[in-house]
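Each of the two complexes below includes chain A, the first together with chain B, the second together with chain C.
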Partner chain A sequence: MSLDPATVRRIARLARIGIDESDLQSLQGELNGILGWVEQLNEVDVEGGSPMVGTGHAALRTREDVVTDGNCREAVLSNAPDAVGPFYTVPKVVE
Partner chain B sequence: MSYTIEGKTGTWEIVVGLEVHAQIISHSKLFSGASASYGGEPNTHVSLVDAGFPGMLPVLNRECVAQAVRTGLGLRARINLESRFDRKNYFYADLPTGYQISQFTHPIVGEGTVEIELADGTVRHIGITRLHIEQDAGKSMHDQDPARSFIDLNRAGVALMEIVSEPDIRNPEEAGAYLRKLRQILRYLGTCDGNMEEGSMRADVNVSVRKAGEPFRTRCEIKNVNSIRYVMHAIEVEAARQVEVWEDGGEVDQETRLFDPARNETRSLRSKEDAHDYRYFPDPDLLPLVVEQEWVDELERALPELPDDKRDRFIRQYGIPRYDASVLVAEQAIADYYEEVAKGRDARLAANWVTGDLFGALNRTGRTIQDSPISAQALGGMLDLMADKTINGKIAKEVFEDMLETGDSAADIVERKGLKQVTDTGAIDAAVADVLARNADKVEEYRGGKDRLFGFFVGQVMKAMAGKANPAIVNEALKKVL
Partner chain C sequence: MSLTELTIADAAAGLRKRAFSAVELVRAHTDAIGALNPRLNAYITPTSDAALEAAAHADAALARDEAKPLTGIPLGIKDLFCTTGVRTTAASNILKNFVPPYESTVTANLLRDGAVFVGKTNLDEFAMGSANITSAFGPVENPWKRKGEADTVLVPGGSSGGSAAAVAAGLAMGATGTDTGGSIRQPAAYCGIVGLKPTYGRCSRFGTIAYASSLDQAGPMARSVRDCAIMLQSMAGFDPRDSTSVDRDVPDYSAAIGRSLKGLKVGIPREYRAEGLSAEIGAAWQQGIEWLRAAGCEIVDVSLPHTKYGLATYYIVAPAECSSNLARYDGLRFGERVEGQTLDAMYEATRRAGFGPEVRRRIMMGTYVLSAGYYDAYYLKAQKVRTLIRRDFTECFQQVDVLLTPTAPTPAFAQGEQSDDPVQMYLNDIFTVPASMAGMPAMSVPVGLGDTGLPLGLQLIGRPFDEETLLAAGSALESAAGFTHRPAIRAEGAK
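Entry: the complex of A and B
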């Protein structure tokens, strides 16, 4: 699998990352390098094996349905660049 | 029932599938310990997990899984003992992590079915494709400031079930019936309150049109419709729009649209370029969700009686018509009320009073069955007085109105107003004789063959006795003399 420049542009837009046209070629090379490296996995014969999600055998941890968190607005808003009163704000988004 | 659109080029039929987002009833959120309750000061029901802070890990709420399994069982659907969580990636200001944790390839619930009943009595089965668990997003407010949108994350991370139907729905009425039935099942199960005004149940509507016998054409998705009536309107106007596009030689684009109830139209919502490019992948923070069949069985044993089963039992046990049974099981509280009234009494009569006079009274007074001014015991007490012939049906209406007004028991009202039915044949015979004497001309006509006048005599006797005479005895006495 290899990415063409249009696909690189598209991935960048989906990730909301602005890239210069001049960087396109080097990015394409880097991404294709990564894909090529991962593609080595295709050499492994997995015929007859069932899909696995990891090597551990742990079960998913779950919790009881009780309220143990929240009510920490100051901490929640601590990184907000432009909080107004109890709210985050962002540049207006209306469709 | 067939519903079609007559176009210039022929007859079109509508194909509809619904995706319903139902907020799961739980105390805390799906992956965090913050409160899941509605309302609350802005950004107080939020943990650092919900706000997408770095290094925070989601931990699954087991009760939310149980609620999804209960719902799956209620939809007579397959429960998948192994399911997985995926990330659905998109950017929006009320989605702090930049992805929604959802279930894409392996949902917890598979195929099921919902039985709907239409106004003309037709019964149809609408297929359920799947049900999966996912997180809700926060809330954006656009009207607080000219340049900024305000974000409240109280709802972010609350558990949702997305319930996807097959494209089995063929007209607006079926869509309405499906949503009402789904809401009824959710409420019976106690897994979602079904409150569309508060947004705890909302629907995405997939609509396409086609000529009879054709395969499916391109569909459009109308997002976030928040009332059953609007869903029905949206289907109507969107189908009409698509027919026009096709007939004008155009192509319907697969896109997301918005229904504007004020203008009764749908319009394109997002640039379709990036729509549906969510780049799903398995959430690396969460292992597969494995549930035991034993646990599922346990949940199933604890399920309440579902509306369809209850309706069938009412028909069998109480001998009431299917329509009445459907009305009585519409809400669990109504069904409970009815059963209390019917217990050990004439169940058909009980059904008539509950669906007739009681519903009428609730409507008039703007009350619900929960705060009914007449309790089930009180209504039952009145039926007892009818059963032992203390009062007749006509007087019962009067007693009922009095109960509604004063809250007194039927027995007290009968006592206070002296409404006890007269069964003394002597008094009735006297009234009969008096009425016939005063209407000698009519008696002649009756004897001359004008049978219809019998009702007139009954009425006159009842009137003379202030409605308190036992109608059977009055009939008997009149027949004897005439």
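Entry: the complex of A and C
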């Protein structure tokens, strides 16, 4: 499996990471290097095996469906790069 | 002895005997940070004033005979743990001004037990790295030097490189680390200290900035096995705010120190005699085997057949989880923002500027292996291989009680010495990743110096929730090795 420049651009777009042409070539080489290296997993026979989901040490817990947190609007907003009153701001999304 | 050379256990005793005050003890460390941190860069944010204030409170508690296990003990905190009101950066530009309004459970537990935080330690950006060279706040210098090479700057390992360098150099008595694929154990080995990655679920992940959630685990780093036991005692425990935290009693870890090893079965996995293992580390491993045999252990050759696939599996699973976890850095709710004309343009500019190259690479790798059409071939396949890696350990632990391996294939290397090839850098974690993939507890203990005068570490891997056996066997290695070497750059005599 080898990634072409268009695929690298598509991945960057999916990841919402801006890249420019100068990044493209080195990223393509590095990602292909890593993907080529992980190809070694093709040697492993996993037929009929199940994927590991969690380490099996903890069972999921349930609790009463009640509010346990909240009323901390100022704390929640305290690190917003651009808050106006009790709101986060975003660029205009509707023309 | 200088206050910056004491163990936590001895310092706690000294404080109770009034041999020195907490203010004196903490000031020795904050002075050392002032003197050496400009060079070592082990701390991103020293918190000396707050530490001295906390030390005064510790002295008051001592005067009232209300001392707790860590009262007055100066610790470094990896800058991945959220600390209320103290900037927490994850060594990333995207969080360079982030001030958490809440405290991580692990640091809250340490504060409950009286610890004094002297600063937030440097790390690889978002804990992604094995040399502490990806930090947005600059690399950390390993305080150790190769024989006759005073000017060569060595890496401290990573990602908890600032914590390891700080503890080794006497800029903290102990420090917190986090370990996803070796980030406590490998820097501990490179800096000649002890580092313990507990069982997945033993320490709460609440308030620890996430990298790969199914692997991330907090643990102690200190200059003795006993000090790690003391710190783990405070750090461990059930936390309802972490759904993977395990509700299980925390045993008395210090009681395991010095426990008899008679009849303990120690497995030596043949797959760890891998290509690239340096002769000096092979020799240290053999010496460790002999020491444990002399302590009454039975040595058993074992096999973990999927060892060689651990790293490749890790570099699918960890990036996949990181791409998901780091999606939260969107420039809206917290962190830095770079403006754009549209919402997407803002996201892309923010994340391009906020993340360094290694983080961007891992996010993209993870995005790809989770994307439509590739999920089964990469992510699902890796999770199936992970099942086999865990099964190897589970089967091994039916025959033996603990495993002994090297921690890393080489001693610390120099900045710029490893190539720019990311895969070459990943190979530093070849011996630490498998235990992480399986969720097993593991510890690195310094056992000697190699040919170039650098510390070498051995790794013990235990059964789930059997940190006590690690501590028992680790203390036996520690006593046999009598490792009292100190790095070239250290607080004692710095002024």
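By definition in this document, the second predicted complex is superposed on the first by the 86 of 95 C-alpha atoms of A that agree within 3 Å, B and C clash if a C-alpha of one lies under 4 Å from a C-alpha of the other, contacts with A are read in each partner's own complex, and residues count from 1 in each chain.
The definition used in the following text is that contacts are C-beta pairs under 8 Å (C-beta built on N, C-alpha and C of every residue); 3 or more make two chains touch, one makes a residue touch a chain.
Because the structure is predicted, anything quoted here is derived from the model rather than measured.
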Inquiry  = Between chain C and chain B, which one touches more residues of chain A when both complexes sit on the common chain A?
reply    = C
Inquiry  = Contacts for A:V44 in the overlay, against chain B (first) and chain C (second): which applies, first, second, both or neither?
reply    = second
Task = Determine, under the contact definition given at the top, whether A:G33 touches first (chain B), second (chain C), both, or neither.
result = second
Inquiry  = Contacts for A:C72 in the overlay, against chain B (first) and chain C (second): which applies, first, second, both or neither?
reply    = both
Query = When the two structures are overlaid on chain A, which partner does A:R16 contact: first (chain B), second (chain C), both, or neither?
reply = both
Task = Scan A:Y88 for contacts with chain B and chain C and give back first, second, both or neither.
result = both
Request  = Go through chain A and flag every residue that touches chain B in one model and chain C in the other.
outcome  = 14, 16, 53-54, 56, 58, 60-61, 63, 72, 75-76, 79, 82, 88, 90-91, 93
Query = In their complex, what parts of chain C are in touch with chain A?
reply = 97-99, 101-102, 199-201, 214, 240, 243-247, 306, 308-309, 312-313, 315-316, 323, 327, 330-337, 339-349, 351-352, 355, 360-361, 363-365, 367-368, 371, 377-378, 380-388, 390, 421-423, 438-439, 464-465
Task = Quick one: which bits of chain A touch chain C in the complex? Just the residue numbers, please.
result = 1, 3, 7-8, 11-12, 14-19, 27, 30-31, 33-35, 37-38, 40-41, 43-44, 46, 49-58, 60-61, 63, 72, 75-76, 78-82, 88, 90-91, 93
Task = Spell out the part of chain B that touches chain A in their complex, as residue ranges.
result = 26-28, 32-35, 41-49, 51, 53, 59-65, 84, 89, 91-93, 140-142, 144-153, 258, 269-270, 274, 277, 279, 282, 286-290
Ask   = Can you list the chain A residues touching chain B in their complex?
value = 13-14, 16, 53-54, 56, 58-73, 75-77, 79, 82, 84-95
